[in-house]
Amino acid sequence: MKKTLKKIISLALVAVMACSCAALAGCDGGKGEKVKIGIGLYQDQGPAVTATRAFLDGISEELNCEFTYVTLSQTDEAANKTAAQQLISSGCKGMILTMDSATEAILQECEKAGVYLGGYLSDYETSFDKVKNNPNFVGTVVDGRYSGTQWGEEIAERIINEGYKNIGMIKFPSFAFPHQNEMDTAFRAKIEEYNKTAADADKITVQAETTELMFQPLSADYFSANPDIDAIYGMCAGVDFIYPTLTQNNKTNIKLYTAGFSVDDSVLSNFGTSGNGCFQELVFSNVEAITYPLVMILNKIDGEEFSDNPSEAQRVDSSQIRITNNEELDTVKEKSMYYTGKFENSFLSASDVSALLAKNGGTHEDLVKAVQSMAMEDLEAK
Amino acid sequence: MTKKLLTIFKKTLLTLAFPVGMFLVMWLITAVSGVNNFVSPIIMRQVLTNGSLTTIIALAIYLQFKNGRFDFSGGATMILTAIIAGNVTYNAGGNFLMFLGLCVAVGVILSFITSIIYSFSRVPVIICTIAVTLVYEAITYLIFDAKGLNIISYDIAMFGKVPFIFIPLVIAVIVFLFYSNFTVEGKRGKLLSMGQRSAVNIGIAENKNVITCYLVTGIILGLGALVYGSQNIISPQSNLSTSSILFSYIVPVFIGMFLGRASVDAVGIAVASIGMEIMNSGLDCLGVGGGGVQQIIFGMFMLGFYAFSGQFEKLKNLFMRKTLKNTI
Amino acid sequence: MKQSAIVQIRKMNKNFGPTVALKDVDLDFYPGEIRGLVGENGSGKSTVTSIMAGMQKPTSGSMFYNGAEWKPESMAYAQRKGISMILQEANTISGCTVAENIFAGDIASFSKFGIVNTKAMNKAAQQRLDAFGLTRIKAADVIDKYNFEDRKLIEVVRCVVEETRVFVVDETTTALSVDGRKILYDIIHRLAEQGKSVVFISHDMDEILEQCTSLTVLRDGSIIGTIEKEELKGAATDSEKEKLIEKIRFMMVGREIGNAYYRSDYDVSHSDEVALEFDNVSVGPVKNFSLKLHKGEILGFGGLSDCGMRLIGRAGFGLEKLSGGKVVRNGKVINNSITAIKSGIGYISKNRDTEALILSADIAENISLPSYSRLSKFTFINPFTKAKMVNKEVDNYKIKCKTPRQAVNTLSGGNKQKVSFAKWTAKDSDVLIMDCPTRGVDIGVKQAMYGIIADMKKSGKAIILISEELSELIGMADKIIVMKDYAISSEFMRSPDLKETDIIGTMI
Amino acid sequence: MGQEAIIKKTGNGQNGFWGLVKSHIFDIFSVLGLILCVVIFTITSNGNLWNAYNISILIETVCGYMILSLGALFVYSMGFMDVSVGVQLGVYSILMIFILNSTGSMLLAFVTVLVLALLCGAFNGAVAVWLGLPSIVTSLFLMFVFGGIQYILIERTGSNMISVENYDISKFADSKIMILAMVAVGIVVFYAFNFTKLGKYTKSIGANEKTTAQCGVNTTLWKVIAYMMFGVCVAIAAVFLLARTGSAGKGTGSTYAMDIMLCIILGGMPLSGGMSSKVRCAVIGTLTYVLLSNGLTLSGVDIQTIHIIKAVIFLAIVLLTCRDKGKILPR
């Protein structure tokens, strides 16, 4: 009886091995001369991942590319280097990574193997100055705008217009997200400017010291420390870190202006005037922005160069979709690939991307323009 | 009769000493530091919500502990249960009762699978449950498009809030107490954990007991999943990351086991959980919540408490000679 | 000629891997008899009874109980059907109440829909305890409150129930004091009078002769012979008894044991040099104990199991924290086992399998463990030097094994004990404290060990021999110290005229 | 563990080839697992497993794990577990960067970390004994404290991570040096584990602490030494881990505590320690573990599928190597 059991287990092991073998063999597919590009995302799930994959799937045929995905760690450089190495080892000619982590070490590997690296939705804050002249680094496209000033001002204007008087301020620690300081400063400056001219009753109170979240949900004592707030400017990802605390403490009457987006109905059904109306602003970056590093890498691989190629690697802003009211939300639901996860909703078609390649006559200016013309008005115009 | 009342009074006092003491200490510290929002209904509600969750999970961990096993898979079972039950309920448009039912059902099924693997594979329990943990974590990537779970803002997440949170809490405590004190398998489990070989020789069917115990753990884990899923956004897990759930909820178990000696173990754990949450909330108010300082204080407290309770035992032995006989 | 057998065992075989434990055993047990089973360790006496009692399954063969085929699935099942057995090792479960222990296999009978009625269970347990005259034991108490002996008796209460037809006692009495034994003897005799069958396994020949109505001898898994009631009762005088025992021993071992069982000499001389001194030692309940052990002396300690002698032994090896006084060897105070071993003291624990040996380790490892400090040269332990040392000991003690790399738990009890002796001779210890060194060891090995102990004395080693077997103390010790209630109650010098009865009086 | 199980594990002195096979069945399974991994991944990765670049990254990845699990052997053979290694590695990396950046002296950086690692080892070994705590408690304590320190250190830098400046740490990431380090540590550990008191005593402590103590072994002292030995390995591993990226952040090292445990289990060693602890458990386990991740990625397996394949293979290997045939369920 025991012996049979052992045999069964051995057989099972062999079977598992064999199955995985077969599965793997299936994975290989037609190789041809497709160019292999590795994509390292710091999330392994979620709408951004789905949309990125959908976009790359949609354009892979036209560009004759094949994409391999790995998940990066947000905190562990060694793990990220291993992931990058494995991409190189599996034959990738280029890599697009969303984390600026161990970048210098990874670039050394790239130099050894002749692989190109590009950044995606990341400003490469820590390493950019050191790597921008590295021939294997093609530049990065930022998650929205590099500077936070503009958005801070925009939110301040909305708040002034919509008449909220007591504003809570929440952000991530500045060691991790330095640009949220700019939003903070810009917001406060704008409000102060308004307060100078406003009647006493209309003056806006802003939380004196911005609360920093250590990547943990807001704690309930926030409400006892700031009892009277009627709106929160959440510079950090408020969907995951602020909203849960609001619902749990029945504070959804507080309006939330925050970065980030969710395709989840629990968020969207409470946006603007619908549901509890807690969410007033959501912002996300378009996954199509990956076109920038991708095109730059493909140019390098092709051995082509833009006529107006910049002398050093660039940090390019991308346009963001700001959702400020229900109509805009409906537009997003209808037309944005980020929400639908369907390639047909993409800003750029496969041939659009292909046309941007240097060998097809594209220019750097076109490329930058392409990733910067994907804002709300562009979506509405689509 | 009055004597009995007096003992009950004494036991209650001893049991409550920990959270009350913790409250006073934190209150004093916050007051001295000029933080005046510590004593507020919001904080109290936070203590109760978090404390209830901690209690339920700690009970599930402790039930296996009490039966002589260190089950590594508790965290993974809970996460997977929450993801499955939550998503199914949501997709089916079910209500919070359906969520409750599904959580318990899925928790029981997963625990049953674990127990079957353990009792028939006869692999040492830690190693076996580590393997099971890896499998359950991997499954979180395979189901529901690896979305994890995010239902905190729906009505089905009702059990995550005061006062409804007390319903799963009370069920968990009752199930725990009922199983370990009043049922045949609970008694058998006690015999097995204290003297495994002897109990097997006497003729207690160990496999059956292990499976029953896991089924009960499954109920409690299911309730834990219900509350956890109602309070947290859950993302898929990998590489034993769920062990951090285990390690962070094990401290109340350690403390509760000691406090429980004054009364009943389950009550000790509940009281320890509340006490720890008072500490956490106090630290939050002081502005050191969630950061490195809190972790360090937490670690210091755990070691200090454990060391104290260890010495307590030795002190007690000094006055009770009886143990001497047993060592020879 | 007599009633039909209550249990019949036919052609029973049992193998443990390649080891044959039982070979075609045929055995009958009759109502109203107390059947002694004797044989060396590993002769199969425990195996055959444990199969009968449902603890393990036979490899082949059949059993009949009350004429019907008997295939017990567990000990609990067998007990419900009337065959119960008390095991040699402690089988109560600490941390649980007495009642839970008594009804461990039977909790379900106090339950409705899976819910246990604890009150009813405690009440029933108390009734059972009272029926056995153990009114001082309270059913609702946690069993840890009671000592080893009481726990053994609680086990008896668990095993003997109304349905019991066959009751097996496997070497239980070694754990019991005289009082405890008396209670057990009463129980088995009462059962026999009620027409039930008792199977009694023991190493203590005198006990067997006194209590049993018939006797079966096993050797190497086979039945060698049976001594019937008539022959047992026939041996009335001391010399006849002596002869009978001689005969039984011959059957057990298969060869002449001879007279040189214990030490033959009565030379109590020893060097004047003090090897170990207890200076006003207070440990636990033992107060102000003083004693000098000399080189070449065998000091025997006797008494009931809880008389304090064991504490003295542990204190001598530095295992106990002293509340007063000191243990000294060569001017050095012994306050823990490390200083003890450094100054050449060795200790053989009574708990052989849990304290004296590492069961999962091989023979070589066990023997060399205390000697590694000596073997280690500039951190290097030379495997060849080690093997040489181990081989010497294995040869010296004639440890039965295929290779020294064999795990200790594959050895029989006697050979295990040889290993725990060997590790101290390998270490070259000059003082040896032995706590029940021959417990559970069969005659052949026992004889060899007595020879070794006698040789040790000759070579000038100092020995403390703690034993519950008086005959062993009389046979081996130069001086016997009897302890009672944690103090010395009497001392006897070695003499051919010393009788057990002289000593027992001072023990109780 | 059941008595019968011990017999099973240690072999029962049978003769002949099959006796030998039977008594080493668990070792054979773990080696077979490794060979199977190599063969299958060679096929599924179209030979990419063996290209020079992949070999070099394999060496780089294995190095850290290998040194750590070789050191962990001493702790695991006593039946203890150290969950604090991961955060310790993180803090050590950060400290080394601080020291390198301010003094430029690798020696100073290493010695500081070594001293800290030794102190942690001593703490783990001694405090648990002195206060009468289970060793997991002190190790949890260190985990919380070091986790907190790592967080605070990084927070203080005002950045997400810090990097080594003005010092070429990447010279330690050279394959030759890494192999050299692994072999050197391997030889020392092999020697210490099989031919010195340290190895003999840690195994005996794992098998039966009471007996070991009664054989005149100062178990507290040797526990401390064993933990310190691990500490030395942690310090060495920290250098090589840092050399890989030249930077450290909040999560640096955090996964190592659990990974090492998985390595050792994959090598066929019971977590209860004792006599069946072998150096080859650490070696084979580490190789299998690293190969599994590397091979699956190289073969182009989807990220989400890698987890389940790894888990199932782990389960299968565990079922084959850790089965216990005793009468009672092993705990």
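So that you can tell them apart, the chains are marked A, B, C and D in the order they are listed, and the count of residues begins at 1 in each.
Going forward, contacts are C-beta pairs under 8 Å (C-beta built on N, C-alpha and C of every residue); 3 or more make two chains touch, one makes a residue touch a chain.
Since this is a predicted model, take the numbers as computed values, not measurements.
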State the pair with the higher C-beta contact count; candidates are A-D and C-D. A-D
Whole-Å distance, chain A centre to chain B centre, using C-alpha means? 36
Centre distance in Å when chain C and chain D are each reduced to the mean of their C-alpha atoms: 44
Using CA atom averages as chain centres, what separation in Å is found between chain A and chain C? 74
Going by residue number, chain D touches two or more other chains at 1, 151, 155, 255, 303-305, 312, 319, 323, 325
Would you pick out the residues of chain C that each touch at least 2 other chains? none
Do you know which chain B residues sit against two or more other chains? 141, 146, 291
All chain pairs that touch each other: A-B, A-D, B-C, B-D, C-D
Contact footprint of chain C on chain D as seen in their complex: 1, 3, 6-7, 9-15, 192, 195-197, 200-201, 203-204, 207-208, 210-218, 274-276
Under the definition above, what is the set of chain C residues touching chain B in their complex? 54-55, 74-77, 79, 87, 90-96, 100-101, 104-105, 107-108, 111, 114-116, 118, 144-145, 147, 158, 284-285, 306, 310-311, 314
So in the complex, which bits of chain B are touching chain C? 182-188, 190-191, 194-195, 198-199, 201-205, 321-322, 324-326, 328
Spell out the residues on chain D that touch chain A in their complex, using ranges where they run on. 36, 40, 43-46, 48, 51, 53-54, 57, 60-61, 64, 151, 154-155, 157-161, 163, 170, 241, 244-255, 293-294, 296-305, 309, 312-313, 316-317, 319-320, 323, 325
The residues of chain A that touch chain B in their complex are 5, 44-46, 50, 213-217, 219-221, 223-225, 240, 243-244, 247-249, 262, 264, 266-267, 270
